[in-house]
Amino acid sequence: MIPIDDTPIVRDGRVLILAMDHGLEHGPGDFKNVPDKLDPTTVFDIATHDAVTAMAVQKGVAEEYYPSYEDDVNLLAKINGTSNLWMGEPDSAVNWSVEYAAELGADAVGFTVYSGSNHEVEMFEEFRDVQEQAREHDLPVVMWSYPRGQGVKNDTKPSTISYATRIALELGADVAKVKYPGSKEAMAHAVRCAGGVKAVMSGGSKTSDHKFLSTVEAVMDAGAKGLAVGRNVWQREDPTRLLDALEKIVHESETADTALEA
Amino acid sequence: MIPIDDTPIVRDGRVLILAMDHGLEHGPGDFKNVPDKLDPTTVFDIATHDAVTAMAVQKGVAEEYYPSYEDDVNLLAKINGTSNLWMGEPDSAVNWSVEYAAELGADAVGFTVYSGSNHEVEMFEEFRDVQEQAREHDLPVVMWSYPRGQGVKNDTKPSTISYATRIALELGADVAKVKYPGSKEAMAHAVRCAGGVKAVMSGGSKTSDHKFLSTVEAVMDAGAKGLAVGRNVWQREDPTRLLDALEKIVHESETADTALEA
Amino acid sequence: MIPIDDTPIVRDGRVLILAMDHGLEHGPGDFKNVPDKLDPTTVFDIATHDAVTAMAVQKGVAEEYYPSYEDDVNLLAKINGTSNLWMGEPDSAVNWSVEYAAELGADAVGFTVYSGSNHEVEMFEEFRDVQEQAREHDLPVVMWSYPRGQGVKNDTKPSTISYATRIALELGADVAKVKYPGSKEAMAHAVRCAGGVKAVMSGGSKTSDHKFLSTVEAVMDAGAKGLAVGRNVWQREDPTRLLDALEKIVHESETADTALEA
Amino acid sequence: MIPIDDTPIVRDGRVLILAMDHGLEHGPGDFKNVPDKLDPTTVFDIATHDAVTAMAVQKGVAEEYYPSYEDDVNLLAKINGTSNLWMGEPDSAVNWSVEYAAELGADAVGFTVYSGSNHEVEMFEEFRDVQEQAREHDLPVVMWSYPRGQGVKNDTKPSTISYATRIALELGADVAKVKYPGSKEAMAHAVRCAGGVKAVMSGGSKTSDHKFLSTVEAVMDAGAKGLAVGRNVWQREDPTRLLDALEKIVHESETADTALEA
Amino acid sequence: MIPIDDTPIVRDGRVLILAMDHGLEHGPGDFKNVPDKLDPTTVFDIATHDAVTAMAVQKGVAEEYYPSYEDDVNLLAKINGTSNLWMGEPDSAVNWSVEYAAELGADAVGFTVYSGSNHEVEMFEEFRDVQEQAREHDLPVVMWSYPRGQGVKNDTKPSTISYATRIALELGADVAKVKYPGSKEAMAHAVRCAGGVKAVMSGGSKTSDHKFLSTVEAVMDAGAKGLAVGRNVWQREDPTRLLDALEKIVHESETADTALEA
């Protein structure tokens, strides 16, 4: 872990990552109801919202669109990723060198680790290289810490999520992006397991405003340091309105109800 | 993506690649009815047509024949390729270093990616290296984006082709060469999924003049930026006549009927 | 083997390693009854005890917490490790480069080798690299020598443990951390097999004070040069009291009874 | 392909390679009836015949014996090879670096490629490295182009051999060493598929003088540029007599009958 | 092959290697009846006998004990090795870099190759690297040439041993260490297959003085250049007496009977 509170991807100790790598990970189907969002500029525009501390994209999207947004958006270079056509044990290709990410102006790097997969050993070792190269460039490292595969029966149960945040700490991440373990108590335990690493919740698939924001409130109450969100923002009709609400909950510690009323 | 409109392989924003790596990918059988084309000079001669913006060949063919054509043909170095004797999951050997391709005068590099194969992760990572090395040499990158293998039931259905162009965007290609998804609408969707990446259609096996040109017209109408064609040109008795027609459709936005009448 | 008696991790020829990599190897479950120990500072505090000659942690824990303890604790960089979600043949990911461990101030490196696993060959070769890099930095090497996997029916029988210490000698470790083979005689044989390499016992899961300390006494009587302990210290209510006793047995050659009475 | 007609391994456009790597590929059994040939000097002596343009051996044989023959024999460094104890899919170990081959005075390098094997991709990539390194040393590259393995039912049928020569062209060999496809017509087609690459026939197991020389005549008539021969020369009682005949057929375009009469 | 007759590991053209890597390859069980030999100094002391031209040990043993013997013993660095807990196809881990072996004062390197194993290709390639690196340090290379695994039914039959010595020649070893093929005639054939490479017999498990020395006599009569022996020396009560006898047979060409009488 490095002191990341002074880095651009953190605002007063909190992190709000807008993720848009779904075109690779899930395919164009994720954009079915929001076809205009297939144009990455629409999502980069959303990412200029003050609530967003970084936008996570794959290399190709960064190469083409980031130059126009580098003054207004912080770039979280998502280093690895795989299509959902992949039928093997969970794995993720390293699509971007840290060196080149830094050259393109990345403010941080992101890396998925599927602990429990029969590719765990290989992914840990790839993470090692990425983490140590990121250190040379003074870039914070966000681990998408997702236990999955042959060794994992339930990928959101409390003990899995606590293990996920702990692995992020042990291996040297600065931020641990994990799924919601189902309760505030479970999230609080996961936060404790993370030590000084910032645990943030992964947004997941789109739900109602109230359900989503209440979960975020619970997560922040549990001591988490923020959120990484994609579909719950850009699949909405009015992403700005939701980001306004998230700004209150994540950055200003307000409740979901207050935030929704505003 | 890099600004490729000023590079030699693009003419007024459009691309027309003449491909001749069939000797490796399919074997000499593809030349059965045009045995004179076994001599690569005959195909290089065709590639001097104004409509053609680049010719795609493997390293050995480039080494031997390109020096005589470097003033008249732009070289698209096809970096990987495999024989059709290969019985494993779709894969492609990296037969050419980018460094050596640049030394031989390549104007662009081409690379096949079989998303969905159990070699997807490995191929994505090979693509990463090739793409980043190409950037160092300011060479555009064309992805032969062909989902195939254990994870792909139908390699030309609309959602597969849209995913194919999106993968090209996400991973950092400049041009996405994809199969025809069966309709103009499907192609238009694939074009939208490609963002700023130029989607071009892969010619496929030989069909009648009218059928082939009509498909090209539909593809261009759908917003594609060109074509990569091999057998539909050099397996014909009069390749020049077909290239004349393609020039009208691809570069001058005319219809297939007009082009055929000319 | 290098002359390690003058290095910080040895005190008068003896070694007492406090290990805390259980968050990675076993998961947060190991901290269930001592939730405060999830905060690594609590274990680093314990490691400041005079009896402890080094503390073994993974990279991430070292990065975040070691800077505050570098004057009071000697760092044993545990180079490899795997989660217990891993379902394959015993293996361990290399999570930390020796170069970076040295940069963070490591006083020694630790590496797990699962002889008998179908990853034995690969792990031996990884050990080679780590050992030779450690030599360049004058860092002692501790081998967690744990025969396990397809080739090992019983991982604590006397012949297994003797083989474990011998492998540490043959491959160039300075300290061999092995499980207790069940008797003083068996431990004495394992010590002889280690040649000049210091054999130390691995503490294992928590047992009663008397049982644990009696085993330590037997091990020291057998000629071992110390102990590597984790749960038997920090899972206890009063770790200091146990370390006081261990100091007497390990460093002052007293009996378990005398040590417990004090 | 490089201009190899001026290199030592070519005489007036023709190539006659004497191969002696059978001790590795087949084992000592190939020397059963000619035990004196187990001493490589006997075969090097044969290679001093004017008809022979290069001798192909493995590294160890070159290291020990070539220094005494470097003025009289051109060295073709056979880079890869495997014992016939190997039971896996066809594969070949890379036993010699091109760098070291050049240092030992190699005039050319040779490399086996088993297209169709499930090691095809790996072998193509090894060939890439060898070919590009050979280019740096201005060394011609001879491909032992032998389709074999899971993807190949018949390794000498015409379409297989035509594919073999074409693969040599596509991947950048200068000489394609292939088995005889059974007829002059088939060989002529294989020659056409090779483009500017010199196709040469692989001698195979020992046959009668007349049968062997007639085949060589047919092969040369078909446009091949020579021969790579081993057992059909050094398993004979009088290798010189056969080389005299081969000189006439390969280098002087005479018939087998004329050559035999001489 | 390099001119090794002037190197320290050869005495008047003959080689007598004392091997002691059994602690790794077989485990401590080999020392059951000679427990004092678990201390490597006892075996190094034996190696100071004039008959011994080199002692073969693994890295860890060399690191710890060789510095005290470097004036009296020549070091043969055994580069690879595996425990007998390994249950996979025959393979051997590369435990020592040649660079570091040279730094520790090695006079030669040794490497095991299991031809016929499904790791043959990989082991040949590892041997390549070791052999070429040894050349850079002017170190002779001893191949433990042991056909074994899926491709080998009988690992001591004459044709296997002849193949073993030939492989050593083809791949570039200077000394071929092989098992006894059962008769003087078979050994003589293996010697002929080795060309200029020195064939030496591997001692194997302990037998009676007379049986062992008679075999050595037969092997030397067959033209072998020496012996590599371990258990037949240091498992004996009086190793010096046996080495006195071996000196006569190996270095002075006397018979076993004469040697035993002395």
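Lettered A, B, C, D and E in written order, each chain numbered from 1.
Heads up, the rule we're going with is that a contact is a pair of C-beta atoms (placed from the backbone, for glycine too) under 8 Å apart; a residue touches a chain by one contact, two chains touch by 3 or more.
Small disclaimer: the values here were computed from a predicted structure and weren't measured.
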item: Neighbouring chains common to chain A and chain D, by label; value: B
item: Both-way neighbours, i.e. chains that touch chain C and touch chain A; value: none
item: Rotation, 0 to 180 degrees and nearest 5, that superposes chain A on copy chain B via CA atoms; value: 70
item: Classification of the chain D:chain E interface as same or different, half of numbers criterion; value: different
item: Rounded Å distance, chain B centre to chain C centre (Cα mean); value: 57
item: Distance from chain D to chain B - Cα centre to Cα centre, in angstrom; value: 36
item: Contacts with 2+ other chains: residues of chain A; value: none
item: Chain contact graph, described as a line, ring, star, complete graph or other shape; value: ring
item: Ring of chains, enumerated from chain C in the sense that reaches chain E first; value: C, E, D, B, A
item: Chain B partner contacts - residues on chain A that touch it in the complex; value: 21, 23-24, 27-29, 31, 35, 38-40, 58-61, 63-65, 81-83, 85-88, 91-97, 100
item: For the chain C and chain E complex, residues of the former touching the latter; value: 1-2, 115-116, 118, 120-122, 124-125, 127-128, 131-132, 135, 147, 150-152, 159, 162-163, 166-173, 189, 192-193, 195-197
